[in-house]
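Each of the next two complexes has chain A plus one other chain: chain B in the first, chain C in the second.
And now, the complex of A and B:
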């Protein structure tokens, strides 16, 4: 199996365009969860979320999600310095859920159809993002769209790593994207999972999640190829684990067995011992169930207090299909900078969470090995294990 | 940017974004019609026009008003390149 390294990063986050803005916001502990403006929230208990700030990339004719994807994908490709010839054989794996639903909802909500043109409906499917990115940047290799709810962006990275490790391709562009949509907001509202205040992962008084949006992309390539072209290597994606709870459509298995198996599979593939892992970027949604069960699962794998744990969702909200990639980028940057981004809004640590969750302010720590957890609705669990530089 | 340069860029878009055979793109000239069903046209359909509009906006950094009827501007390479050149800031 070939070793897989990360050579390019791109982000469109609630802090705005670019990886620099993303890391600056995260490492400063800035909570970007504010009043929602993209969708109507009158009459809802929760009226907040984390919207991407600033001007979006690409033509205004594209859907918001496609524009987020193009911005982040373009940055990752440029960061890696991939030429047109490299792109023409690269794989493209995109995690997606909402597709162009934001625009489709607006279309269906119109009181009349007079003069309206349903052009944006052509990009409604989750697979539209991959089409937009491929045609814009000339990506010509295998193309997948992954739809595994909140872990889609992590599965995309794991699948890209497998294609490279198996020698199917030498280089891949992989990531996840989602724009805020009414169906997502109202669905989580109906499930009573939205906190009216910015979400408080691992806090004793947490009341649910905050929705967010964004896009994250990584360029992954075989170590040999990266070395040959003297590319800058951020980190090695040394292992990944993917499991299914097969338990319930929304609730995680109360024992966290699926999560435990995902983490152990990632360790095994990486040939890493639990004590080598110093930091976990948690799924950490802020719902009472997830955080309790995830903490229990982390303790089973790494031992109580065995590593630092933080949730980026406390700052950027739950960015849905983008979450798995954006949080993997946070993990890679934590390794790169030797800084653990904090958990914002954490006032009263939950006594059932036996970990230092890095409340409020980031922490300097010499990291060599870290994991990023992503658990999709219905028990679609993914753990990614990164090692600093070329491990 | 001169109208001639715009025309060359349009031909590039035809190949890179609409996946036309480069030889076929090279055979076109200013008077070649664009829409399908017109004599001697390159046969663009409604989806091609959407893709072309996006590519033009992103390549030239201009915005085209969706509510305006753009049919006459998208009739031929000549009308389209004149329309785009007119929207570009003076060099």
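And now, the complex of A and C:
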């Protein structure tokens, strides 16, 4: 199997466009969760979320999610220095959930509100993002869109890694994207999973999650190809694991068995011992149940203590299909900079979480190996294991 | 991803208006296809699941679980040995999404259903099916126009061939939705024949299937997916198919070896014409083409049904013609091609062989 390295990063996050803004915000521990402006929040207990700030890339005729994807994908391709010829055979794997739902909702809502039906319904389906990105950047290799709920962005990276490891392609663009939508906001409200205040993962008094939006993309290459073209290598995606709980549609298996199997599969593929992993970018949603079960699963795999654990969602909210990729980018940048981004809003550590969750401020740490966890509705678990540079 | 280990088909499950059953039922239908409706009868869907599931699950989830169970039953595979799941869909559970939104529009926040919300996420069919059949390995939902079913089989075959997963259930599902039909008509795409249903195949390494005494219904000798240049939701001009070239090459086949094709034609005139040109450029004019979508209506399950149908043709040497004559043509058994080409350029080719 070919070794897979990361040679390009792109982000559109609640800190604005670009990886530089993303890392600056994360490493400074800035919480970007604020009052929502994109959708109506009247009558709901929670009225906050993390919206992408600033001007979006792409035409205003495209959906917001397409524009987020185009911005992040374009940055990743430019960062990797991929020419048109490289792109023509590259794979494109996109993780998505909401598709163009934000615009579709407005279209669907309007007849109820004022009796008019807008003339054009824009691209609604999750697969629209891959088509928009492929068309914009001339990507002609294998293309598919994965929907595994909140782990979609991480699955996209794992899928791309398998394509490269198996020799189907030498290079792939992969990532996740989601815009805030009314249905997502209303649904998590209906499930009573949203905290009216910015979320507090791993805090004893946590009350739920905060929604967010964004896009993250990575360029993945075979190590041989990256070496041959002397590309800058951020990290090696040394292992991944994908498992399913087959337990409940919205609740994780209380023993965390599926999560444990995903983490162990990533370790096995990477040939890594648990003690080698120094940092886990947790799924860390801030819901009482999820954080407790994830902590239990982490302890089963890595042992209590030792590991540094933090949740990017404490700062950028839960960016849904983008979360798996944006958090993988955070993990790669933590390895690159030797800095663990913090868990914001963590005041009283939960005694049931036997880890240092890096409260408030980032921490300098010489990291060589880290994992990023993503877990979705339906018990869809993914763990990505990265090693610093070319491992 | 191309072939490495031989991938055997050991189970088939089909739930459509035309046929409900395993590979035997599908073969009987293909050998003498009667006229069919596009919409599944309500009673047929309800019979697929137990009453508790019928109350708890949306219709599209019931279709999915019903077809998956039929396929698994035919394969006699034990899911606890390691089973993954890939489901292709174009529209997911739109009916639940509409119902969820309608609740809010009618009654505001008080009208929102916490039970319906998970169904608004497209992986709900995978989530419920994984629980129903005990699939605990990788489980993916693939979303694509037109070719989601073929793509699911291709992805699952790759997982089996690579040895990452011991066995896979690969399926496709869609249901007809009045809002979608109305808007497609509004966009000028209403002439396409659309249908609904679910279909699954069970895939496992041939060696493992033989070792446990399973009946091998056919093999996926090679599969590949690429993209042809096209604007989103558009039809392209490129005819040179990398997917077909890679699939044939991986199967050790020449274009002239392909005597028959199951194509994705579905009365979408521009897309069907494009597919015909791509096939002609890759295979020449001799291959006989069957487009079941012309008769059955296109949905993501049909892509999987066509793979199962190809295994039947490879065994029987019979190919259902889809020119409106309801005839079956004698063809060279052995191996043929399943081909899918979508608006937007997603493109899949599988070489299916007799066991």
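The rule is short, and it goes like this: the second predicted complex is superposed on the first by the 380 of 391 C-alpha atoms of A that agree within 3 Å, B and C clash if a C-alpha of one lies under 4 Å from a C-alpha of the other, contacts with A are read in each partner's own complex, and residues count from 1 in each chain.
We take it that a contact is a pair of C-beta atoms (placed from the backbone, for glycine too) under 8 Å apart; a residue touches a chain by one contact, two chains touch by 3 or more.
All figures in this text were calculated on a predicted structure; none of them were measured in a lab.
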item: Contacts of A:139 with chain B and chain C, given as first, second, both or neither; value: second
item: First, second, both or neither for A:59, with chain B first and chain C second; value: first
item: Touching partner for A:5 - first (chain B), second (chain C), both, neither; value: neither
item: Chain A residues touched - chain C or chain B, whichever exceeds; value: C
item: Touching partner for A:189 - first (chain B), second (chain C), both, neither; value: second
item: First (chain B), second (chain C), both or neither touched by A:335; value: neither
item: Chain B/chain C common contact set on chain A; value: 135, 138
item: Residue numbers on chain C that touch chain A, as the complex places them; value: 1-2, 4, 84-85, 90-92, 97-98, 100-101, 104-105, 108-109, 112-114, 117-118, 120-124, 126-128, 130-131, 134-145, 151, 155, 158, 162, 164, 183, 224-233, 242, 344-346
item: Residues of chain A defined as touching chain B within the complex; value: 58-62, 115, 117, 119, 122, 135-136, 138
item: Residue ranges of chain B in contact with chain A within the complex; value: 16-17, 47, 50-51, 53-54, 57-58, 63, 66-67
item: Complex interface listing, chain A residues touching chain C; value: 43-44, 92, 96-97, 105, 108-109, 112, 121, 123, 125-128, 131-132, 134-135, 138-149, 155, 159, 162-163, 166, 168, 182-183, 186-192, 242-250, 258, 261, 376-380
